[in-house]
Amino acid sequence: MEYNKAVSDLRVGDQVEGYYALGNILLKKSSAGKPFLSCQVSDATGSMDAKLWNYTGPAGPEDSGRAALLRGEVTEFNGSLQFIIQRLRFAGPQDEFDPAALAPAAPIDPGEAMAETKDILGSMEDEELRRLCLTLLERHGEGFARLPAAKSVHHAFLYGLLMHTLNMLRSADFLAGLYHEVVHRDLLLAGVLLHDLGKLWEYRLSPLGLVTEYSVPGDLLGHLYMGAREVENTGRELGVSPEKLTLLCHLILSHHGDPEYGAAVVPMCAEAELLSLLDRMDSRMEIYAEALPQTQPGRFPLRVPALEKRVYRID
Amino acid sequence: MEYNKAVSDLRVGDQVEGYYALGNILLKKSSAGKPFLSCQVSDATGSMDAKLWNYTGPAGPEDSGRAALLRGEVTEFNGSLQFIIQRLRFAGPQDEFDPAALAPAAPIDPGEAMAETKDILGSMEDEELRRLCLTLLERHGEGFARLPAAKSVHHAFLYGLLMHTLNMLRSADFLAGLYHEVVHRDLLLAGVLLHDLGKLWEYRLSPLGLVTEYSVPGDLLGHLYMGAREVENTGRELGVSPEKLTLLCHLILSHHGDPEYGAAVVPMCAEAELLSLLDRMDSRMEIYAEALPQTQPGRFPLRVPALEKRVYRID
Amino acid sequence: MEYNKAVSDLRVGDQVEGYYALGNILLKKSSAGKPFLSCQVSDATGSMDAKLWNYTGPAGPEDSGRAALLRGEVTEFNGSLQFIIQRLRFAGPQDEFDPAALAPAAPIDPGEAMAETKDILGSMEDEELRRLCLTLLERHGEGFARLPAAKSVHHAFLYGLLMHTLNMLRSADFLAGLYHEVVHRDLLLAGVLLHDLGKLWEYRLSPLGLVTEYSVPGDLLGHLYMGAREVENTGRELGVSPEKLTLLCHLILSHHGDPEYGAAVVPMCAEAELLSLLDRMDSRMEIYAEALPQTQPGRFPLRVPALEKRVYRID
Amino acid sequence: MEYNKAVSDLRVGDQVEGYYALGNILLKKSSAGKPFLSCQVSDATGSMDAKLWNYTGPAGPEDSGRAALLRGEVTEFNGSLQFIIQRLRFAGPQDEFDPAALAPAAPIDPGEAMAETKDILGSMEDEELRRLCLTLLERHGEGFARLPAAKSVHHAFLYGLLMHTLNMLRSADFLAGLYHEVVHRDLLLAGVLLHDLGKLWEYRLSPLGLVTEYSVPGDLLGHLYMGAREVENTGRELGVSPEKLTLLCHLILSHHGDPEYGAAVVPMCAEAELLSLLDRMDSRMEIYAEALPQTQPGRFPLRVPALEKRVYRID
Amino acid sequence: MEYNKAVSDLRVGDQVEGYYALGNILLKKSSAGKPFLSCQVSDATGSMDAKLWNYTGPAGPEDSGRAALLRGEVTEFNGSLQFIIQRLRFAGPQDEFDPAALAPAAPIDPGEAMAETKDILGSMEDEELRRLCLTLLERHGEGFARLPAAKSVHHAFLYGLLMHTLNMLRSADFLAGLYHEVVHRDLLLAGVLLHDLGKLWEYRLSPLGLVTEYSVPGDLLGHLYMGAREVENTGRELGVSPEKLTLLCHLILSHHGDPEYGAAVVPMCAEAELLSLLDRMDSRMEIYAEALPQTQPGRFPLRVPALEKRVYRID
Amino acid sequence: MEYNKAVSDLRVGDQVEGYYALGNILLKKSSAGKPFLSCQVSDATGSMDAKLWNYTGPAGPEDSGRAALLRGEVTEFNGSLQFIIQRLRFAGPQDEFDPAALAPAAPIDPGEAMAETKDILGSMEDEELRRLCLTLLERHGEGFARLPAAKSVHHAFLYGLLMHTLNMLRSADFLAGLYHEVVHRDLLLAGVLLHDLGKLWEYRLSPLGLVTEYSVPGDLLGHLYMGAREVENTGRELGVSPEKLTLLCHLILSHHGDPEYGAAVVPMCAEAELLSLLDRMDSRMEIYAEALPQTQPGRFPLRVPALEKRVYRID
């Protein structure tokens, strides 16, 4: 019996016990009429089909996304590995396990990334904007740091939003220097930090922190509105000048660049323009980073649904 | 000498004194090098070109839209009437004149319209939504009632927004009955009342109350965001349930129907769908109402820029 | 043995005899090489998979949509109910059964709806247009009343077109009052009545009256052209003035509002504009009415293919 | 004094008398307050600005497009030629002049073109379609032959529609041979002949036969609908089979190829597809033929508004 | 035992030996764990599913598209014919078989078609263009003649590009006569011949000559660029004037007509305009020619994916 | 008399002699019939209307853009300064003046910029790509450095392309570090250097080096094709591997990002994606840099035609 063995290391015949995430849970009946539970067993390293025979509940679809203590054996079915669950108990508050081991996470050190984020923000000269950014980070930083940046498409893993934000802050810092004659550095940095703040309320998260669906306010209001409103209300509370809040909220409301991509207004200043291009740039580069390992360099292209086209990997 | 004679009644040779609105003020020089002021003299009934010879200031373009006490004479130039100003003094707080006489206004009785508006809203069964609507009317009702609904295109006159809102409330009341199985009447009525609330902060107004330009927040944030934020903040203050506020803000944020027409999100419930159609319907009908008097029934079509097409007037 | 039991009431073990509609008929062979007929058994209340074992004909796909007298038993297969047919005879002229019981129908009383329709039309002041409408109703009223308004998407049931038309007439009546300064009431009402007249020739109908496919003229000419042509030819016969016929045909040809939605010309008068908005409004509300019962209020949204988006049901 | 001298031959100092077309007639006043008539004098060879001093009527804008007997002298103003009218009398039934000399006409012999048109149609094997085509030519041939094919853009001269139709018939004849396996020659030829038949009722014509504006039915119904309706009514009268009429009307209703270019339905058979491509091809080639003489081969491109792009002339 | 029997003639029970093309090769395991090869057996007349039981290699997916010598028997499975392979050997250089019999080919005589192509090109008056065309035909003619014109959609068979090019040359020859005033015949003919030249490097071909995929340069550069570059380099080598090469390359780079259809530049001369219309015309007609045999004349329409619509076959 | 005084320093009454650029040259007649030359006098600092009275030639429109030695006096007309030319002689080879003083130039030191460009390129590790870049710079560097990056819109001044290219190289260098896991640095740098190489042949230049019009090949082939072709031919000559040339030409052909913006193919690798975003970013920032000085910070927005929207300047 092995404990908490990584899913990517499981082989036929392994006897396993440990904590895993269960996804896509369904209650079914075999052709012989026997009830069973079908699901996906996963951790940060991968996932595998699983069955629990002669099971009638109480677990069901609404438990998808939860962590559970499993005991079972790895078999093969139709050429693929299959985890036959022998015992299943959903994890509760008393269980000790590392949630980070059960969900894919960004390839960054969250602590260092947050520290670098704060360093860059700390270098802002405008005291009002700096205080606003740091206050919002204080209030929401923990949730913000752990949040995936998306449900799928790109950065759909823990700390995804932090990784996306930090990459953009680094580029913004460089470009604010290159284009210092037209770009107000502090406004740009604040806009980058806060452009996706509203995602805090846009998603339903699984117990392990991944996005399962949009929340009702996420669907009906969108993260642009929710982020701008939070920034504006907090800014008023802190006494930030209305003019600066208007500009900062403009950056948030316009950062999708074009109404057909979801922008509530079109970018109308150089900082908003640059923010929307930086957002597109980092999203695109991450889509490539996630897609390219699936193909061979220099030969056949790979169809990437998020880009609606085929892409090549350069040798 | 006649006093406060209506612009539409002025004829060549009239000697006039009275209060008029001055627009499009420019300081020019004649080919002989003499300075003069060129402007438009207007009131609620019409407008006319005007000149004030040998004038070097202090009035200038920034005074456009203000009311002034004028004395002068009506002449003819190149086949058109022209008002030769002999004396000009801008109106101040001490001047007694009827601003309503100087700016075009909606063909409604504002008091009755506001009363009918409140009657319809008073019939809402949901106490939270009713209280929210009436509170917002109390706080903003005066400005709301006087506001034009647009800078041009349609309802671009005093009380235009009230007229537009009341027409939509009447239709919404009827249609909420016809489609009572799918439409939540109170939500629809609240959405109709508040859909353009953000226009309170979207425009720069002339001293007489007409729209001269978009305000900075109007351009950078738009009336959808500003209206939804005000509704949400007020609703929280009044203890309205978050679910209702989300729905109501959704109606506001989606009422342009389609991102390419400025909607921040697409309508996702029957009430939002209906609101966006009602808004388009009343706007279109008012565009026709303003355009058709300019043409003859049943003969030549009229090009209407706001519709980007030619339209016919039915006999 | 139970007779004509409603499909929605059938349970495992029921022995049934009665008239049902057969749909999607296919002749197949089992893996053991035995021939059988597979189909759907349905009535106005619902539908169920069915099999007739050891069947080689003569029925086949071309009989889909016909009514038949069935005897059989309800069983379960793979967790769903299945009707095992023991005897099948297609209904002929001599069979006595209620076709209305076999096909879904609009939730209206057709007689009352037609009477209200005629009442509204009878109130038209323009004698020529009134006579034209009533004559067309006389000639085509029966087929018109029973016709579904669509193949799918919305109002795809018996009396669907009548229900759609009457709802629009009610709204048109109200709005013609509200916008009486720009809208010619009689022209609008006539346009509403006749806008989908051409659908009489646009569909292939099943024996029970549902739309199975587009007819050849339906595909090649469309209901806009066919409706306008019928109205114009009938109008000429009745001596209606050419000017009125041109306007009325314009309303028909433009009622899809935009060429990309199938309009042959764009609306060029207030009545045509209003008609196209009323058509969209009633279609949208009916799509919501048909979709919302499939979801729970206030929680998860429902993807509605006809709207190409997800929608929420308000509590 | 020279009589009926061609406009393109007029020079400063010429004394002229003759018949010319008057266009763009306006009644104006000079800066000195003297009334005069301003217009364009034109014939088939060109046009020139003209003035009639001290003129107060009765001629006016509504006489634009009429022929008149003029006497006057050619002068120069601001570097351009100007015709100073000394006597003006509009032409009536008693006047003898060649209207063809006053309006630009297609560079074809109308008689020969009509004969070739009939020859090609006479070669159709399907007796019903041939009879339908020849009957429609008999009834409308004269008006059809003289009609410009457009108000501007291309073929906007007398006999333009005949020239356009004959060119397309020649190409259709060739292509029906090349693609004989997929194209029904008689249907294609009939569709080509009749595709623009509805233009007979789409325009307002000047007394000399040029298009001045769209007619009311032209705007409200369009030439696609009016042509198809005329073809269908005539075909029914002649006993042509409904199937053939449906196909032929489909070609007419779809010949603009795409709804965004005005097609009422999209082409759904090979003949309709080919017709829409032939129409575009001949229109494009004629636009080039009219535009290229205005530029030099091989050097600077010419902006052609009808194509919304610049084009080159090949040496 | 029958030899090289056409696939379209195979019947249950046939014992066959012969050369066939193998496509879509997959190595699988049965539910009982037995390995087998699954593929498609095809020749110019049709294709059929096939199995080779107890097979573990060495053939695999990378051999798809190759010819092989097969021995086997035709059986039936689930109502369809199935070829049970008993012996399989891929064809090598020593094998004698007619590749043309194994791949679908255009319904033309390639030799005659090439001769007619050269005849038309030989009639060009411009010596430089004629020499350029004939030189390119000499260098690339063999590959050019055999190439399919596409991977699917239309002309996706051997000699497809030659058939497509010749049809267009015939039409171009006719239309250059009809529009001789605006069209430079030699330039048009040269453009037609060379418009798809770049397809020589755009595809990966199977051993039998059919298109299996786009090549890397095909994806990354496109056939417009590659064709124009080849024409320009060859033209410089032959001393063709730069002006003519610019025009000819323009025809190639613009022949898709519109950037949204892949044109690198928009057509800017009459010849480029005509070329793009001819290309669309011949493609469309061939799509119809390939689609129509699949449906019945005059009844139900056929959905044609390449046209994104349903089409009718005329009786 | 002052010599070569900067246009921006000229005042009423100045007597001037010096070299200036003449633009928009027209030969006109006064209302009194006197011939004169009208033009624009400009240098790198600004421009002014000018007249040369009683002038009949030989200078004319075709001399626009040339430098000339002028003597004259500055006067005022209608409130604007006007240069009255007393003597005019176009500059020839013998004239000694600084062309850079007569045409606006990028605010960079061209020598330093070129050196930094070469430094960055010299740091490439791939020897083939580095050699290709440096060879192309050697052959075309002088023309490349001086070229404006556009006819108008942005960077439309001398050394504009160099400034644009260097800015992009700096950003590319930074981003190649940030995204080193997905981006091949050398390929990206080479693509940035060469993406606009084809502009060398796309424009007609005035004698002073500004863009007056597109050249014939510029219009008919575009700079994407011409640049890729030059790169590929040079690369073959230098023995660069075909695979690298394909990738590099792909970057050039796709750098407009989207076919609707002129891309010949869509970007299909991370480097091409990044290049197209960098190009858009630097163009946008330069448009802001050129537009913002025309407006006041924080108040009224400025309509920028190149962006098709109004923009704000942040304080």
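Should a chain be cited, it is by its letter among A, B, C, D, E and F, assigned in written order, with residues numbered from 1 in that chain.
Rule of thumb we're sticking to: contacts are C-beta pairs under 8 Å (C-beta built on N, C-alpha and C of every residue); 3 or more make two chains touch, one makes a residue touch a chain.
These figures come from a predicted structure and were not determined experimentally.
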Inset, instruction - Using the contact definition stated above, find the chains touching both chain C and chain D. - result: B, E
Inset, instruction - Spell out the chains that contact chain E while also contacting chain F. - result: A, D
Legend entry - Farthest chain relative to chain D (centres taken as mean CA coordinates): A
Inset, instruction - Working from the CA atoms, figure out how many degrees chain A turns to land on chain F, in steps of 5. - result: 180
Inset, instruction - Look at interface B-C and say which pair in A-F, E-F or C-D is its repeat, using the rule that over half of the contact pairs are identical by residue number. - result: A-F
Legend entry - chain C and chain E, separation of their C-alpha mean positions in angstrom: 46
Legend entry - Mean-CA-position distance for chain E and chain B (Å): 64
Legend entry - chain E residues counted as touching two or more neighbouring chains: 216, 219-220, 243, 247, 268, 298, 301, 310, 312
Legend entry - All chain pairs that touch each other: A-B, A-C, A-E, A-F, B-C, B-D, B-F, C-D, C-E, D-E, D-F, E-F
Legend entry - chain A-facing residues of chain F, complex: 167, 170-171, 174-175, 178-179, 181-184, 187, 243, 247, 266, 268-271, 273-274, 277, 280-281, 284-285, 288-289, 292, 298, 301, 309-315
Inset, instruction - Using the touch rule from the top, collect the residues of chain D that touch chain F in their complex. - result: 78-79, 298-301, 310, 312
Inset, instruction - State the interface residues of chain C toward chain E in the complex, per the touch definition above. - result: 29, 31, 213, 216, 219-220
Legend entry - chain F - residues contacting chain E, complex: 216-217, 219-222, 224-225, 228-229, 232-233, 243, 246-247, 249-250, 253, 259-260, 262, 264-265, 268
